[in-house]
């Protein structure tokens, strides 16, 4: 195995030459990561990474779900169980299991990301497989023990300009506070506004009344802010205060993983639901409606404080009940379903869709809305932008279909540019490399078919990779 | 900028050569435009076009909506407001604003159409942008003052064989009457049956009881026809009479922009709703059901009088409430939504789906139905044809996906061929040029992959561009 | 006409060369046909085929529906009518009608299959059309009279390793019993477990209470098994017994054509519906719910007896009422509709989705679920596999879109490999040839774009064509 310099470019020689040229304009640009899920402690503490299995396999749902799908159990992969049933603890054993099944990933973005990471970050040029598993494990373990492979060193080597993490309003933000105290060799602060690591306001666990522990978190929010969160007004005031804390910790965005894109604009009704929920009397309909109302409340707050909204609905969380019961939330058991935006967003858009201070970035797991809903909305409202293909669609074919379906109606400047959306820190450069190549390949086709000039395409390539994400997600300053 | 002779053809040399050859068969064919929205007064009066901004920018939703989406207001673009608030009146200022934002259109069909029009119709070979805005404006203004750029002169230069406009049953059809009196240099009549400009029967504003002014239009229909439209039978009789008037003005088709594809076949229920609506007592459900019933009534009339039905549901009209309130209906604020055909059309198809006298052309804004519903319906009922990709899908990628998704089930001969569907008269040749190139490119791939012979493809290319629209829309005579 | 050796390969020379190489690995592999609808009497009786029209045209819905869609009536094609109204009896006349309209099939898989069959199976190298219709008819008739064109001879010439047919639980299985008594020249048994022709358990007509004759079939099931099918427990016991009979006749799979993918896991409720249905008191909701409950019952049985479940919902059967009334069920009048899997399958998956003994293969007519639901389910549950593109999607473009949409999330090893799903025995080699070429073309692109190595692609090509269907459908032994 070795990465081909023309990987992900079209085979046709004419188009490939253009893609190569376009990619040359973006390959060296800094990485901007305004939407992701890396743990900020990683950078704040800057300790060596754990063993290769715990770094690459155990926490990566993309990998573990593929292995489950072929009968390898979470226990065999060292995923911690809910009831403490012992699971595999030997990293080398887990790694071997993974290597043995690595062929399952042929053709998947996971393999493209890993192969890039192994080669470009860790300097391994062999194909991973049963025969090379131990050699890999030893090599990776040795590298991970070196200072050059600590998180901050990698951060700089990756040419990361800014990395946004994601925190709940009840998070202490202590890692971000710690980062704000530190400077890098060039005197740039690691945290705080304009810093290298910033936070994102993600209130999901405060707006879903049926999420276990909701009431306790609402109370905790009151303690953190000194507001009386037993009233809806107090709850909103507390959220507003926390947004200021997040902004002080560098946040430029909020992030909303609602089950659907439904919005509703009736504060009195929202207040009534809130009070029913606090009393434990919220119905199922209440539990569905409250997040819809809160999206509009958050839009109202954004118009005031400038946080850019990100919305990514459409996932049936923890669909695989066996996984959920045995190994908890968010271990690879989610499945998408059809998601509607045109009707669902109307209340929010009626209120703020043309407001010059609002920006809302729409993501989807349902690609049928690319041309039918997302592109027309992004191309018809000043507040709306189309977010990068997300999760199952964050892949060469997914990105290609997104561009093909969106650009003719929304153009390129109503799309928000690439985000890596990852918790796998070491995969960040691989993901940006893939996205830049796929966009170069797509634009090269438009040039080769004389639908745009090479100069236009070169400008767009740079905009998609760097200018637009900085601008749309508020990271220009 | 200058148009490349191979534009829109695949980059691969082998396929491109075939596409070039296929396109050569259709490039010179007359343009048939059986579905569009040009104002017939334009041709009837044959006056010079207004200034470039009012010709190209102000009335073109494709352009204004993209500019809104980036914060340019309708006022700044000279779009007339509902309450008479003054908007920009200086055409040159509007044009400069447009030119300044022209980069937003990179990769969109709008830019492909405009660049073609600027070059092929108006003889400008520079790229539009801030630096060339004034030069463009002066050049276009000068051309538009010349007799050769009057509507009828352009009509003939465009090689337009026939152009269908769209009128409401309460329209006077006076422009069409005027056109029927005039002949061109070759003695062909400009209007009337078999003329160069014909009308289309579009009854939307008579079948949606909640459309403001509905009752008044029903009464006006009574006056126009001498029928008693206070009864449902009289209403139907009046519509039947108007269809005869439309046929006398050259109409071969009706056109139906229902919100959904729902049909219903219960005349007694339809009559009951009609009477409730006249009394102002129609419920929301009534307002939704009446158009469904009327589609079947119109099918019944088509079986008698031969008008070809066109159905294009799926648009949430005036979705952008700010635009709607400030600048009125149909100014670029519509957004599509998921649209069902299989169940919805069953009542109509049960009644007439296999009738040799009915033809119904289905369009969609929801491309998920291309392979799932439209192609199976067109390939399974003698009355059904698949219409060209519409509106947001009237684009190189939209057309390609349509062909890819439809031809394997419905073949090519259950598709109705290209329609330009435009109110932008000067863009008509650009739109046909684009469609013919995209079809040539698609067919070239089938030939290059040895899925059909080049002779078969050449025949199909001509059929799609010319033979099929003339035949399916009843314009052969 | 003559088949090009590079047919269905991409035009780009680099990619084509790889596709050619990959296809070389699979072209000679035996054909495995674990899902199809050939009549087993055909092989059991081994009589000469009827005339060309009755062999190729009359029973093939793909062909007759295209002809209906252009106004050729079933009577004109010799399709037997429900009320015995005489239809065309002269095979040559039917054949000429077909040949006259053969151009309708340009670009369709039907034409690719037929052209292959005419050339490769019957040795005709001319293009079918009005001019060659008689020559074709004479040539085909002559071949069909030869012993080498009897079913068993063709079976061996096709290199068919195993062919599964489909039978109802109340079928006598007598053809399969007869086949189990016969050996081929190499001593391999024609029927029975591990034989060349096996059956598949297809219980649709026993689980849809509103299917005419349901109650009689339930009673017949009782007679066949000696169980008391007037109780739900007896009904289940009888089905279990019949599954053993099917397994004895070689079955490795069950096949479920439910209207939707809905599942439900409440045996008490299922029993209540069953008893209401026997009394003729089932509501419409009952009729919809019973198949949902039965899917989970069949999953329960599969966990015990190992039959692999196949589920292909989403067809509105007999949508064309004129066809249905005049010529009966299953004559080409079905139309797909949107089909949901994520929520619908949850009860079944909650019960058995991670069970090591269950395998369920999901097919769809709604390609929007390829990336949104099928791939995530197949890549997230050990029991779930993605079935080959089905019916209207069993085509070059449909297969390409399937691969593009599925492999990035589910990989290749959670797909079940190709099935031909045909009742047209003579088309079997054509269908496998097409699928193997399309997969080779797809994989070649991944190789040409350096997304996988040629060695990996070669392994996958063989797996998709041969290894996976044998393994997933339980035909390895």
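Going in written order, the chains are labelled A, B and C, and every chain counts its residues from 1.
In the analysis below, a residue touches a chain if its C-beta (ideal position, glycine included) is under 8 Å from a C-beta of that chain, and two chains touch if they have at least 3 such contacts.
Small disclaimer: the values here were computed from a predicted structure and weren't measured.
Counting the residue numbers used at the interface between chain A and chain B, under half appear in both copies, so the two copies meet with largely different residues. The angle needed to superpose chain A on chain C by their Cα atoms is 120 degrees, rounded to the nearest 5. For the pair chain A and chain B, the distance between C-alpha centroids works out to 41 Å.
For chain C, residues that reach two or more other chains under the stated contact definition are 10, 12, 338, 368. Chain B contributes residues 1, 3-4, 6-13, 65-66, 68-71, 103-109, 112, 316, 319-323, 332-338, 365-368, 392-393, 395-398, 401 to its touches with chain A in the complex.
Taken in their complex, chain C has these residues touching chain A: 10, 12, 14-15, 338, 340, 342-343, 346, 349-350, 353-354, 356, 368, 371-373, 375-382, 384, 404-405, 407-414, 445-446, 448-453, 456, 459-460.
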